[in-house]
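Following are the structures in question.
Next come two complexes built around subunit A: one with subunit B, the other with subunit C.
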Partner chain A sequence: MSDGLNRIAFATVAFVLAAVWGLPFLYSVWTAFHPEKYSANFVWNAPLTLSNFTEAWQAAPFALYFLNTVILIVTVLVANLILCTLVAYAFVRYRFRWAGFLFSLVMVQLLISPEILIVENYLTLSTIGLTDTIIGIALPYLTSAFGIFLLRQTFLTVPKSLDEAAQMEGAGAWRILWTVYVPLARPVYLAYGLVSISFHWNNFLWPLIVTNSPEVRPVTVGLSVFATVESGIEWSLVNAATLMTTAPLIIAFLIFQRQFVANFMRAGIK
Partner chain B sequence: MNMRLSYGMGFILLFVPCSLLVAFTHYPAFKALLNSFWNNGSSIRPSRFVGARNYEALLEDDKLMQVLSNSFIYAIGTVPLAIALAIGMALLVNSRLPATGLMRLSFFLPTMLPMVAVANIWLFFYAPGIGLASQILNAFGLPSINFLGSTDTSLVSMMVVAVWKEAGLFMIFYLAALQSIPTNLKDAARLEGAGSVRIFFDVVMPLLRPTTIFVAVNALINAFRLVDHIVVMTRGGPNNSSSLLLYYIYEVTFGFRDFAYGATLTVLMVVILGFMAAIQFWVLNRKAHYQ
Partner chain C sequence: MNARMRTALPLVMSAAIACSASMAQAADLEFYFPVGVNAPAVATIEQLTNAWAAQNPQHSVKAVYAGNYEETTTKALTAAQAGDPPQVAVLLAIDIFTLIEEDVILPISDIATSDADKAWIDSFYDGFMVDTMFDGKVYSIPFQRSTPVFYYNKDAFRAAGLDPEVTPATWDEMVEMGKKLTVKDSNGNVTQWGTRIPNLGLAGAWLFGGLVKSKGDGLSTDTGTEARFNTEAAKASLEFLQRLADEEVMAPGGITWGDTPKAFLEGQAASIWTSTGNLAFINENAEFDWGVGFLPGGDGPGAPVGGGNFYIFKDITDEERDAALDFVRFMTTPENQAIWSMATGYIAPSQAAWETPEMQAYSERLPQALVALEQMPHAYREFATFQRARVTQYLVDAIEGVITGGTDAATALAEAQEKADEVLGEYR
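After this line comes the complex of A and B, so read on.
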């Protein structure tokens, strides 16, 4: 009897918490899909509309912002995958002087990340004339201590006998990397890729500082500019723009929910 | 066992990634330290060595004192709350209740959104009059509160936003930990007559400790380096009541164009993070002794 009551109480807490958690987002969805005059006025048969989305899309160059974000993400991801693989391979497969010291130097970036070095990194970028460029946004993130750490941990689990067998067959260092180490680390590459994509899709402060012109703005900066300057106080447009810019991530999440969750867990635990 | 790294191979493997890392992590940290001993130059007057002048300014900066106290309140307020909520959410999602998939979606969705989008959503939610927060207050006959416009509520309002965004991510880590707990441990406890509450505190919680340490460290660092919502929602205001250290660095450097003081504040930030890393090291070592 009391077990049943417990269960009901537990379920109530669960549903209330989940509902409260969903409220801010649902409210934003409501406003984005209804005409301005229903934005704070809940009428069940209020007419639905997509005009907020079309109006927001036309009011700012969102297509361009999306393109910039995609270029940024691809640049960072490709550079990360290649560079982190090289460094991890060197640490795992070779011995050299100062290896331990070098590894701890790399790990410093986990703590002192580019986010807090905005002042000096901005000065560096303006010295080399790369402010207001997409490559300028990407530069501090091209190597990632997190990626190096993750791949090193994974490469360490590759059995030495596999490596030695490949050597016997006459395979060189590059062939061994490509045919032994990389295939065995595939799930980790996937996990890292997802984390990296969502991080750089969401990154805001550094791109805000580096960019000045719409031609290079990523979507997050574009959204904040749109929400403050161009639309004034029209909430339905701001909400539509907010949902529009996050839609690709939300849709991707809904499709790949299980893999996403599994990969986030993997990335966190290793 | 491993073979020696030849100079050529070492150069190919390490040169590009390590130069990039040094150029954008070690060099700027070191440069910030150097610049903190110089003043701002202009086209007419080059910058001059000023010794510890910037650090004296640091000590006399009342605004900085408020920003630091805000940052610590923010960290100490959000981290434990987000962790407690994350554990609760993980337990709910892991239970045999109906609609756990929908619950997980509701909890995890904020984590997927960029902080800028989260900030817009909450800006609307908090908006006086039109926002859902005031409408709910009005429905209960309470007066609406200007959440972001009052010095009493602005920091707490930002903390709510941070917890909303982060708890779902931590939930995932706890979910993983919960699912790795062997059921026979719980069964054994139940046979011994322990109730669900007792099982949670005496069996489950100790096994979640490594996860809690991992999550707490990440959450603490994040509390210092994620200020996107401050930029979008309050710009540190009103009257600096919601300004955090990184936002202050941003404001001083790119708002007031005071790069020398910005460098000095960066040094302070690095010292604070280093201090936290040292504490983390100490805690982890102590934990190792227990096992």
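After this line comes the complex of A and C, so read on.
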């Protein structure tokens, strides 16, 4: 009996949370597909329109921006996965002088917000001539203290006996990393990849400051054209542009939903 | 001098001469601009910069969209600090003190020295030139300037038994007419407020400057070192805002800027105080008869001015500087001011622009556009000091504290004054 009550309570909480999360999204879908005057006016037979999307699409070179964003996040993600894995592996598997100190240095970096470093980073990029390039946007993010921390903690949970067994079989350091540690950390890689992609997909101020040409700018810069505070906000246009720029992430989530959830569950149980 | 050098020298010299000959005129400009109004502004900026480049084939100019005002300033300052400044940028007029303190801009009056240049600088309305000056020099050129006006729903005025051609001139009239304009349903809920004055954030502080002006005072002066918060005028202005809420003329509590035009279009407010930058948007979307008037004032009319100006940066070559000046002059010819003003709703900042046939036709089509111009003599500079962001925040906190927290106006303003004096003291 109490089991049934529990289930009902859980379901209710889940529905409420889903509604809280979903309503803004539903609202943006509503406004994006209707003319501006229905943006706070919910009439069932309001005429549907796609003109918000065409208008938004034409306000900035979005096709180019999408390509740039994809190049940017792939570059950052690949570099992050490789560099963070290697650093975390070294911290876990090797005992070396200053290891604790070095790891705390990495941790300190977590405390510094990237915005503070904008001027310094700009100066560095401008000295080496990389302002206004995609690699310039990516450079400060190629490695990540968070990624190192996350992977180090995961690698620490790998039983020592597995490592030793592999050594007995004659596997070298690279092979152990590749066949023992990396497969066991898969859920963490997936979770980290998700966080990293959504962070860089949304990053705005740094790319805006460090780039000048549409050829290298990401979608967020295109999206910001609609945040026209001075002359009131046209929600239908803003939301059409927002849906358009977030659509790839949402679609990717829907497609890979099963894997995401399964992996998070597994990571959580551990 | 050995033989090799003797043969090399003429070569090097001729190369240097050829190089300097081709460099004599050419400049590659970077021009940072913000967008504060709807998206077509980007297309118009590009159209204008391309026209300049076509007229000056030896130069090139790259128009760089740089976000909103704040982001554009951040971007320009970051680039300037890294020794890589844009040659030209449109930034807030009130950022003048920040830019001077960071030592990144050139006084335009120092480089625009010919008689034609001086006539050009003199061609702008005085109301827009006040905040371009510091220490007797002109540092910027007005470009995208705006001022708030009183938009009202004539149908709502008729329904309330008011003359739809007469707007409230004083605060008392505003309260009196506003009471008639506030409409409640049978349950006692308000369905239409008499008026709507945004009072939150920087926009709230901006409009507040207009209230203070109408009481014959100003929040800041042209020295950049003085904030005048704890004054009778400021106190009266804050009390007026409270009174509007107390007498049910305006919704109580905080009122946002961004949703104000929409509240007007949807009939939730019979009148609104907002920027001329909304003229085009309201004209396109209003389904009722609407008009524009002066902002109601305390002792007389009063309004703030706001918006962005052209700045020319330091640490650029002489060629770039000359080209940048020419570019700014081009962007502010009467014809181009007219194009920009009609595309965006900003007020063209010179008399000559209003006399172009295009603007004449425009103001006939949309006579509401002229009201802002007529209000200009009563407008005063927007709040600006050194450390503007910090000092303005004290004012914002004071206004919001009174509006939403019920703090006493005199206490809140005295506190803001004290904090502002502490910051500005070291600049005096």
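Keep in mind that, in the parts below, the second predicted complex is superposed on the first by the 192 of 270 C-alpha atoms of A that agree within 3 Å, B and C clash if a C-alpha of one lies under 4 Å from a C-alpha of the other, contacts with A are read in each partner's own complex, and residues count from 1 in each chain.
In this text, a contact is a pair of C-beta atoms (placed from the backbone, for glycine too) under 8 Å apart; a residue touches a chain by one contact, two chains touch by 3 or more.
This structure is a prediction, so every number in the text was calculated from the model and none was measured.
Contacts for A:84 in the overlay, against subunit B (first) and subunit C (second): which applies, first, second, both or neither?
Only subunit B is touched by A:84; subunit C is not.
Touch check for A:162: first (subunit B), second (subunit C), both, or neither?
The answer is neither, since A:162 touches no partner chain.
Answer with first, second, both or neither: which of subunit B and subunit C does A:182 touch in the superposed model?
A:182 sits against neither subunit B nor subunit C.
In the overlay, work out which of subunit B or subunit C sits against more residues of subunit A.
It is B that touches the greater number of subunit A residues.
Is A:111 touching the first partner subunit B, the second partner subunit C, both, or neither of them?
first
Quick one: classify A:212 as touching subunit B (first), subunit C (second), both or neither.
Second partner only, subunit C.
What is the contact status of A:234 with respect to subunit B (first) and subunit C (second): first, second, both, or neither?
Second partner only.
Touch test for A:131: subunit B only (first), subunit C only (second), both, or neither?
The second partner, subunit C, only.
In the superposed arrangement, does A:225 touch subunit B (first), subunit C (second), both or neither?
A:225: touches subunit C, not subunit B.
Of the partners subunit B and subunit C, which touch A:119 in the superposed model: first, second, both, neither?
Both partners, subunit B and subunit C.
Which residues form the common part of the subunit A surface touched by subunit B and by subunit C?
Shared contact residues on subunit A: 39-40, 118-119, 122-123, 205, 208-209, 224, 227-228, 235.
Any idea which subunit A residues touch subunit B in the complex?
Result: residues 6, 10-11, 13-15, 17-19, 21-25, 27-28, 31, 39-40, 83-84, 86-87, 89-90, 93-96, 102, 105-106, 108-109, 111-124, 139-140, 142-143, 145, 148, 160, 173, 198, 201-202, 204-205, 208-209, 219-220, 223-224, 227-228, 235, 238-239, 241-243, 245-246, 249-250, 253-254, 257, 261, 264-265, 268-269 of subunit A touch subunit B.
Spell out the residues on subunit A that touch subunit C in their complex, using ranges where they run on.
Interface residues on subunit A, with respect to subunit C: 36-37, 39-41, 55, 59-60, 118-119, 122-123, 126, 131, 205, 208-209, 212-213, 221, 224-235, 237.
In their complex, what parts of subunit B are in touch with subunit A?
Contacts found on subunit B: 1-5, 9-10, 12-14, 16-18, 20-29, 31-32, 35, 88-89, 92, 95, 97-99, 102-110, 112-117, 120-125, 127, 129-132, 135, 164, 169, 172-173, 175-176, 196, 214, 221, 224-228, 231-232, 246, 249-250, 253-254, 259, 262-263, 266, 269-270, 273-274, 277.
Along subunit C, where are the residues that touch subunit A in the complex?
30, 35-39, 42, 62, 64-68, 71, 74-75, 78-79, 81-84, 146, 203, 257-262, 265-266, 274-275, 277-278, 280-281, 285, 287, 345
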